[in-house]
Every structure is written in structure tokens, then in C-alpha cells.
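Two complexes are shown next, each including chain A; its partner changes from chain B in the first to chain C in the second.
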Partner chain A sequence: MPSSRILALLLLLAGVLVLPLIFPDPFFVRIVTEAFMWIGLAITWDVMAGYTGYLNFGHGAFFGLGAYATAILMVRAGWPFLLTLPVAGAFAGVAAVIAGVPTLRLKGAYFAIATWAVALAVQQLALVLEITGGPDGMRLPPFLHPQFFFYLMLGVTAGTFLLLWFLLERAPFGLKLKAIREDESGAMALGINPTKVKVQAFTLSAVPAGVLGGVYAYWITFIDPASVLADIITDQAMVMAVFGGLGTLVGPVIGAVLIFAFKTYFWAYLSDYQVLYLVILGGVIALSIVFIPDGLWGTLTGYARGRQALKKGVETGLSLNGSAKIEKKGGGENG
Partner chain B sequence: MADPILRVDSVVKTFGGLHAVDDVSFQMEPGEIVGLIGPNGAGKTTLFNVISGYYAPTRGRVFFKGEDVSGRPPYDLAALGIGRTFQVVKPFPGLSVLENVVVASFCRHPRKADAERHAWKVLELTGLDDRARLSAASLTLAGRKRLEISKALALEPSLLLLDEVVAGLNPTEADRTVELILKLRDRGISILVVEHIMRVIMSISDRVVVINFGRQIALGEPAEVAKDPEVIKAYLGEEAA
Partner chain C sequence: MLLLLPQAVLDGLLIGGVYITIAIGFSLAYGVMHVIDFAVGEWIMLGAFLGYYLNHWTHVEPLALLPLIFLVFAAIGFAFQPVIHRVLSGKKGNPLIMALAFTFGLAIMFKGLGLTFFGFFSRSIPSALSAGSFSVAQGSFFMTVPVIRFAGLLYALGITLLLHYLLKKTDFGLAVRALAQNKEAAGLMGINAKRTSSYVYGIYVGISAMSGVLIGCIFSISAQMGSNYTVFCFFIVVLAGMGYLWGVPWASFLLGLVQSFFLIYLNPSYTLLAVFAILYVVLLISPKGLFGKGV
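Right after this comes the complex of A and B.
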């Protein structure tokens, strides 16, 4: 990364860090905390969808499993909160391995169907089990300290972002995932075991979602299947990632911020029309798939690179058509 | 004497009732180029898929450097040293040419910097280095076939399976690919070639295996095989023989 971009990133981080000091309004701190959470859910969902090419319709289940792990350990076993977070992550990770090993051996839609089914199963389990409190949910010991959750959520999401950035953009792992996305049987001929790599990716996407769920549970102090296992969690993370740009890390962050800001505004000022929010969400995803299949970020960077390639193309005598075509490619394949 | 690099022992592969490959046996010595020919649908690509682990043989066995590798998955075989190309080329279109080859280089060079260095070397050898930064989707057919070879080569294989890497190229491009194949052989890589263009296969192969309807009908030096009445019949029909 060029040093100017690192500087920009550090400035951004510093700005975010002092945010609650400048704007101590609890409502504002709360909104930003939740925005961090959605960023985390959107980027982890993108590990499978954007980088690996597999649609996970049950991402919310990992979030919910993490939330319940923390709640159960704190309420029923009296664990201190911070100790429950690794367990929440591990819980989600183990669930990903169990769901992933049989379904990720297969190519195509089986995985999508299976994740959807697993999410339903988890929902139903939480409803009927005694340890989860069934439909009544669970009440956690309250800890009313918005700043604490602000920094914790920021820490988990920023840590996840850095980990994913390193693994997906710097380490060999990311290229292997993209190779599988582009051509699974071709990747096999190059020494890549797709099932193994896909299960690793799935686990990588599940663990942080579980941790986020754990933090959320303690923050909100009350969870039930209708809140932490709702379909809308997966749906919203998907829309954020698709709208922002699949197969990148920055894209889902931008998507999460914009869509969450919109949602907050909508619910704050137009709460009479809450139902409309879902309609608009559906509209946004449909329109962005049709008009900006690479998402906001993918389209912007694609446009910038296209201009560059066009300039270079003139210099090296490449045909304009050819270089424009190169830039057209990319995320389009994953849709 | 050392084990043959590849030994195909009475391999049969059936799909339902169809015998796609029916009792084929041959072996390859290190540094040898063997041509695998036969009319369309003879089972050449199926045999390739069996050798490279995409299909398990229904019967018979495949030995690589003396080790029974029948039914082992492709990624294991790639790690052992079998590289292959695909007749229907399989570039990773969303990745750059360099990234395509880097992915394959991870097999021997797990560190990214090493893999990149190695990939550049391979691209220089195959003559794609000037297009390394372009998207693989932007390559012409000739470029894509070259990329196929580059990816297989990046595995540092001791056995290379080339499935129609010359077909569809213009004469200049074809000559360059033939040159490349010979260069690879001189580096000690054993090469099994499937090709339809007789001029190419007859000129580069040390020996030729001919199959028709899955059955092996001839095996020998190119000149002998070309005179074999069974082979002529398979290619030209009853009358000509």
C-alpha cells in the first residue's frame, strides 16, 4: 500500500476513535456502534460470496449462534463476558465446519440451499430448546456503557478487516479462493484442494460473525430468535456487500455505511413507513445487480482503471477496444 | 532400471454402458514425448482425465514413478508432479495472466513473493511475460493455450499432459508452441500429447499410442504407426486400407 493511503487510513481510524469524545450523544454512539457491526457482517459475508463465489443464505445463523453462546455462558454458567467471546466465535466456526464439509464438496447451488436450511434449523432449535429460553429469549446482565461497546465493536470489526485484508489480499489464500471462484476444476489441476480451501474460507467468515453476535447480545442485553436469528440479518448483510461491491473488502464497508445510514434515517424520521424500508432494500439490490453488478466500489475503481488502461493503451498501441474490454471484466462473472 | 515415469496398466473407464476407455496400456520413460492420437470421440480426453485424477479408472491402474496413483484426486497428483492442460481452456478470467500462474506456483512455492518470482520465470519461458499484467480474459486463443501450458509448467511437473495445445493456432503460433514443447522435453519433462494435427504429432513424438472407440489399436514409433493398416482404417475407413 502506498504511504499516502496508509496515512489516510490512520487518519480515518484516529477520527473514528475520538468520535464518541466529540459527539457523546448516546443515540449517535449507538448508531455508529451498530454500523461497525454491519460492516463486520458484510465483509465476512463477502468472503464466501465475493471471493469464493458461494452464496451463503445463512450468515445470520452464525451471528445468532454467537449471541446465544455468550448469553448462555453468562446467564447459565456465570462466565465473565470477555471470556465468552472466543467461545462465541468457536461455536460459529464449528457450525461452519459441520455445515460446510458435506455441502462444500459439491459445486453450485447446494451450498446456498444448505446454508438457508441450516439457518432455519438454528432458528427452530432456539425456539424449542430450554437452554435458549425458547421464544421468550434471554435477558443478559445489563452493562450500560455505550463507549465500551463502541470501542469493542470497532475493535472486533477493525481486527476482522485487517485479518481478512491480510489473508485475502496479501497472502496466497485469497488468490486460491479467487481461482476456485473463477474455475473450480481448473484450480484442482493446480494443486488446490477446493473443498478444504472452501471450508477454511467458510469458517473464516463464520468466526467473526459469531464474535459480533456475542458482543451484540451483551450490548443489547436481550436476545430472542426473532432478533438475533432473523432472516433480515443475512439479507441486510447481503445487500450491503452487493451494493458496495463483491469481491473487495472496501466495497462492503461502503455499502454497509450507506445502507445502514439510510436505514437509520428512515426508521428515525419515517417510522410510519417501516414496511417500505424492506421494499426499498429489495429495490436497491435488484437495481444494483442490473445497473452496477460490480457494486459502487467496483464500478468506481473499474472506471478509474479503465481510464488508466485507455491512456496506457494509446501509448503502447493496444487497441482501445481491447483494453476497454479488459476493464469490463472482473466482478461481473460472480453474479 | 528406474521406474517408468508413467505406466498405464489395462485402464478401463466406463460411463454407464459406454466404454470410453477400454483396456489401454502403455508406459513412458523419463524425458520421452508420447503422442496419443485417435479419431474424435476415441477416448483421448477421458484417458487424460483418468491419468490426471479427474476420473477414477473403472478397472486397471495408473502408476506414476512406480507409485500406484489410480483414483487419487487431481490436486494430489499436481503436487506429486503431474501437470495438465485442458482442451477447453480454463483460464481464471477475473485474474491477471500473472495471477493465473502465481496460483499454480503456490504448489511448489508457498510464499507469495517466491511464487511471483517463479511465475515471472515461467512466463518468460512461455513468452507471455509482456502480457503478464493483462486480464486473462483479454488473451487471444493462442494466448490462452499458452497460459494453459504456463500454469501446468508452474507446477514444475515431471510429467506434462498436453491436450490439444496446438489445435486452432495459426501456423506461426503452432510452430512456436512445438518449439516450446521440444524445449520442455530437453529440460527433462516427460510429455504426453493429445493432438489432431498429424504433422505436429508425428514430428515431435518419440512414440505414438493410437486409440479408437476407447480401444488401443497401435503403439510404436510414428513411422511404424503411420503404416499400420489398423490405424489407416480407423482414420480413413475400410476402403482405403
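Right after this comes the complex of A and C.
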């Protein structure tokens, strides 16, 4: 990473850190806190979809499991809040392993179906179990300190981002995932155990979602199946990642910020037309897949890269197509 | 307890009949295009509402409207398939994954549209057959057979046989089967893959829409019903083996039996959980379905 980019990132981080000091309006702090949460959910969803090539339609279940883990431990067992967060993450991680082991051996379609089914099963469980309070939900002890949650959510999301950036962009793990995405049998031939790596990636995407859920539960102080286990959580994380750009870490962040800003305005000014939001959400997914399959960020960087390649090609007097044709011809003669 | 057993089995089989019509078109479409259509439940919902409004305006018996609804939705599906084909033949990323995400987006959109236009209320489609039932009684053995459900079962078996005939005895069916086996080789044999896929998708959407009307006559319909039936559909095709058409009736009957047994003997609120548990175990032990013939 060039030093100018690191500098820009540090400046951005510093700007975000002092944000609640400059704009102490609780409503504003609250909106930005929730934006952090969605960034975290979108980038973790992208670990499976963008990097590994497996669509997880039950990401919201991990978020909800984390939220319920924190709520149950705090309300029923009297644990202090911060101790419940690791448990919330672990809970989501274990659920990911249980759901992932049978389905990640199979083609992507089975995984997609199974994750969706798991999400619905968790929803059903939360509705019928006694410990979760059933449809009445659970009320947590209130802790009204917006700044605390702002920094906590920022910390969890930024930590997740750094961890994912290191593992996916700097460590061999990311290469393994991309190898599986591009060609699973080829990856196997290189000595990668696809199922194991995929389960690891799935767990990696589930644990932060669980922690975010735990923070959310304590922040909002009331959870029920209709809020923390709703389908809309997965739908929204998905549209953010797809719209921003799959297979990158920056794309989902941009997508999350844009979609969440849109959602906030939409609900503030057009709250009478809430179901219309679903139409827009689904429309954005479908249209961006048809017209910008690389997402906003992928399309922009692809465009920039294309311009660069074109420039280079003009300078050396060679076009990419020309050189490819020559290679093909050579192969034919040998055969 | 035992007294209710014949009734429970019969109910299960009758409900299973409805599920056949939900899943058989879906299984066909998956077998040919290898795309999971997340919007299957929404096609059912849209078909159900078209049936509801047509019946509301014209007072024609809803079951007599089925061919019309099939034609309307087959045309929609036929016209719509090129978009999916475009996503599937894209060079960017993994096209199958993109197509899956695409249909998921569609499902959300259709659900939103349904809620916008039809509201949150649930309603049912009045059919002349709804009220009638005949009973079989002999000593302590008794069953009540609702006419409309029996008609649904007959209709489901009819559709299955019709599809069987279409796939096994006609040139079109041969083309479809060739396409399902190997797209490139089928293309080399002169089969127009694009056109045939469009027909298959049209047939699938049409069948799904018709089963929506049937559901409206037997149970009730609402704009949110889609995802529920998508789950059942997935359950059936995974159990049957994805793309293995002839496993669908058996898997449907199994789902129907599970449902009716939970309804009569156990707690109905655990039905969905039991369904998921079965799905999980099947995926764990025999991922290619009960018959091991999935793709």
C-alpha cells in the first residue's frame, strides 16, 4: 500500500474518531453508529460471496444469534456486557461450523439453500423457545451512552476490516479462497482442502456478525425475532456488497454507506411507503447484477485500470488482443 | 390416537399433491438451467393474485381459469428468461452465483410489489368445490376427503404425467433432456439452447403460477406467502435430488406427511423446525437426495 493511501486512511480514521465531538447531536451519532454496523455486516458477507464464491442467504441469523447470546447472558445469567461479546461471536462461529460442514462440501446452490433454511430455522427457534422470550422478545438493561456505542461499533467494524484486510489481501488465506472461487478442482490439485478452507472462511464471516449483533442488542436494549432475525438484515447486507462491488473490501464499505444513507433518508421522508423500500432494494440487486456486475467500486477501478492498460498499449504499439492472437497461432503450429 | 391415523396419512398425501405442483416446474428449470430461482414463491404469489382478481371480476370458477393463468405466466417467463440468460452468460465473476443473487433480488422486489398492490391481508379464492367433501367410514375406520384437495391431487398427478409425456415422448423433451445433460453438445446437435431454456422457464413459471391459484382455493393467499413456499420448494427438490424430476412426487408426499403428522399428533409450531432437521440430515448423509440422483 503506498504511503499516500495509508495517510489518507489515517486521516479518514481520525476524522471519524472526532466526529461525535464535532457533531454531538445524538440522532446523528446514532445514524453513524448504525452505518458502522452495516459496514461490518456487508464486508463479512462479502468474505463468502465475493472472495469464496458462495452466497450466504442467512447472514442475518449470525447477527441475531449474537444478539440473543448477549441478551440471554446479560438478562438470565447477569453477565457483564463486555464479557458476553466473545461468547456472542463464538456462538455465531459454532453455528457457522455446524451449518457449513455438511453444505460446503456441495455446490454453491446447496449452500445457498441451506443458509437460507438455517436463518428461517433460527427464526422459528427464537419464536418457540422460552429462554428467548418467544415473540415477545427480550428487554436488556438500558445503558444510554451513545458515544460508548459509537466507539465500540467503530472498534468492532474497524477491527474486522483490518483482520479481513490482512487475511484476505495480505495472507495466503485470501489466495486460497480466490483459488477455490475460480476453480475448485484446480485448488484441490494445488493441495488446498476446499471444504476446510471454506468452513474457515464461513466462520470468519460469522464471528464478527455475531459480535456486531451483541453490541446491537445492548445498544437498542430490546430485541425480538422480528427485529434481529428479520430477512431484511441479510437482504440489506447483500445489496450493499453487490452494489458496492463483490470481491473487494472497499466496495462493500462504499455500498453500505450509500445504501444506508439512502435508507435513512427514505425512512425519514417516505415512511408511508415502507414496502416500496423492498422494491427498491430488490431492484438495486437485480439491476446492478445485470448492468454493473463488478459493483460501483469494481467498475470504477476496472475503468481506471482499463485506461491505464490502453495508454500502455498505445505507447508500446501493441494491443492486448493482438498479442493474444499471436500466442494462439503459435500454439496451433506446435500441435 | 390410532383412529386418526388414516385421516393423517390421507391429509398428508393430499397436501403433498399441492406441493408436487409447486416443486415440479422448479425442479425442471433447475435441471436445465442450473439456476436456483429464489423467486419461485413469488411466482406462486403473483399467480395466486391474478387468479384471485380474475375470479373477483368475472366470477368464473377459479379452477377453470388455470389454463389462462398458465398461458399468461408462461408468456411472462418466456419473455423474462433472456435477462437471466444474459446474467448466466456474463463473463464477470461466477455467473451461477450472479444468477442466484439476481433471482434473490427479484424475489425481494416481487414481494415488495405484492405488498404495495395487494396489501398485508390474507384472502382466499372461492371455488365451487371448496365446500364439498365425501367421507369413507367402515367401523372405526373413517376418513373425510375434501373434494377440492382431492381435485388438487388429481391435478398434480395430471401435471406430472403431462410433463413425463412431454419430456420422454416429444422432440422438444429430447432437446430439453439433451440440454440438461450437456449444453455444448446439445448446441452442436442443432438445439437452440436459448430458445429451449426460454420455453422451459416459461413452463416452470406457468406451472408455479397455477399452483398459486390451487393454494388460494385450498388454503389462503397473501403477499408474504412467497418465502414460505420457496422453503417448501427447496425442501422438496433437495430431498428429491436437485434436478431429478421423478423424485419430486415422493419428496412432496413426505413433506405433506410430516406436516399432517405434526398438525395432528405433535405441536404444529415445530413443523418447520422438523422440516429443517430432515433437510439437514439428508444433506449430511445423502447430499444428492433420497435417491442419490441429484446433480
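One rule holds in what follows: the second predicted complex is superposed on the first by the 317 of 335 C-alpha atoms of A that agree within 3 Å, B and C clash if a C-alpha of one lies under 4 Å from a C-alpha of the other, contacts with A are read in each partner's own complex, and residues count from 1 in each chain.
Here, contacts are C-beta pairs under 8 Å (C-beta built on N, C-alpha and C of every residue); 3 or more make two chains touch, one makes a residue touch a chain.
Not measured: the values here are computed from a predicted model.
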For A:L177, decide between first (touching chain B), second (touching chain C), both and neither.
neither
According to the stated criteria, A:I289 is in contact with first (chain B), second (chain C), both, or neither; which is it?
second
Tell me which partner A:I113 touches in the superposition: chain B (first), chain C (second), both or neither.
second
Once the structures are superposed on A, label A:A187 by its partner contacts, choosing first (chain B), second (chain C), both or neither.
first
Partner, of chain C and chain B, that touches more residues belonging to chain A:
C
Check whether A:V211 is in contact with chain B, with chain C, with both or with neither, and answer first, second, both or neither.
neither
For A:T103, using the defined touch cut-off, is the partner it touches chain B, chain C, both, or neither? Pick first, second, both or neither.
second
Shared contact residues on chain A for chain B and chain C?
181, 247
Touching residues (chain side chain A, partner chain C) in the complex
49, 53-55, 57, 102-103, 105-106, 108-110, 112-114, 116-118, 120-121, 124-125, 127-128, 181, 231, 235, 238-239, 242, 246-247, 273, 275-286, 289-290, 293-294
The answer for chain C against chain A in the complex is residues 30, 34, 36, 38, 83, 86-87, 90, 92-94, 96-98, 100-102, 104-113, 115-116, 227, 231, 234-235, 238, 242, 269-270, 272-273, 276, 279-280, 283-284, 287
Could you list, by residue number, the parts of chain B that touch chain A in their complex?
52, 54, 73-75, 78-79, 83-84, 86, 90-95, 99-100, 102-104, 106-107, 110-112, 115, 134-135, 137-138, 151-152, 154-155
Residue numbers of chain A touching chain B in their complex, please.
170-172, 175-176, 178-179, 181-183, 185-194, 247, 322-323, 325-327, 329-331, 333-334
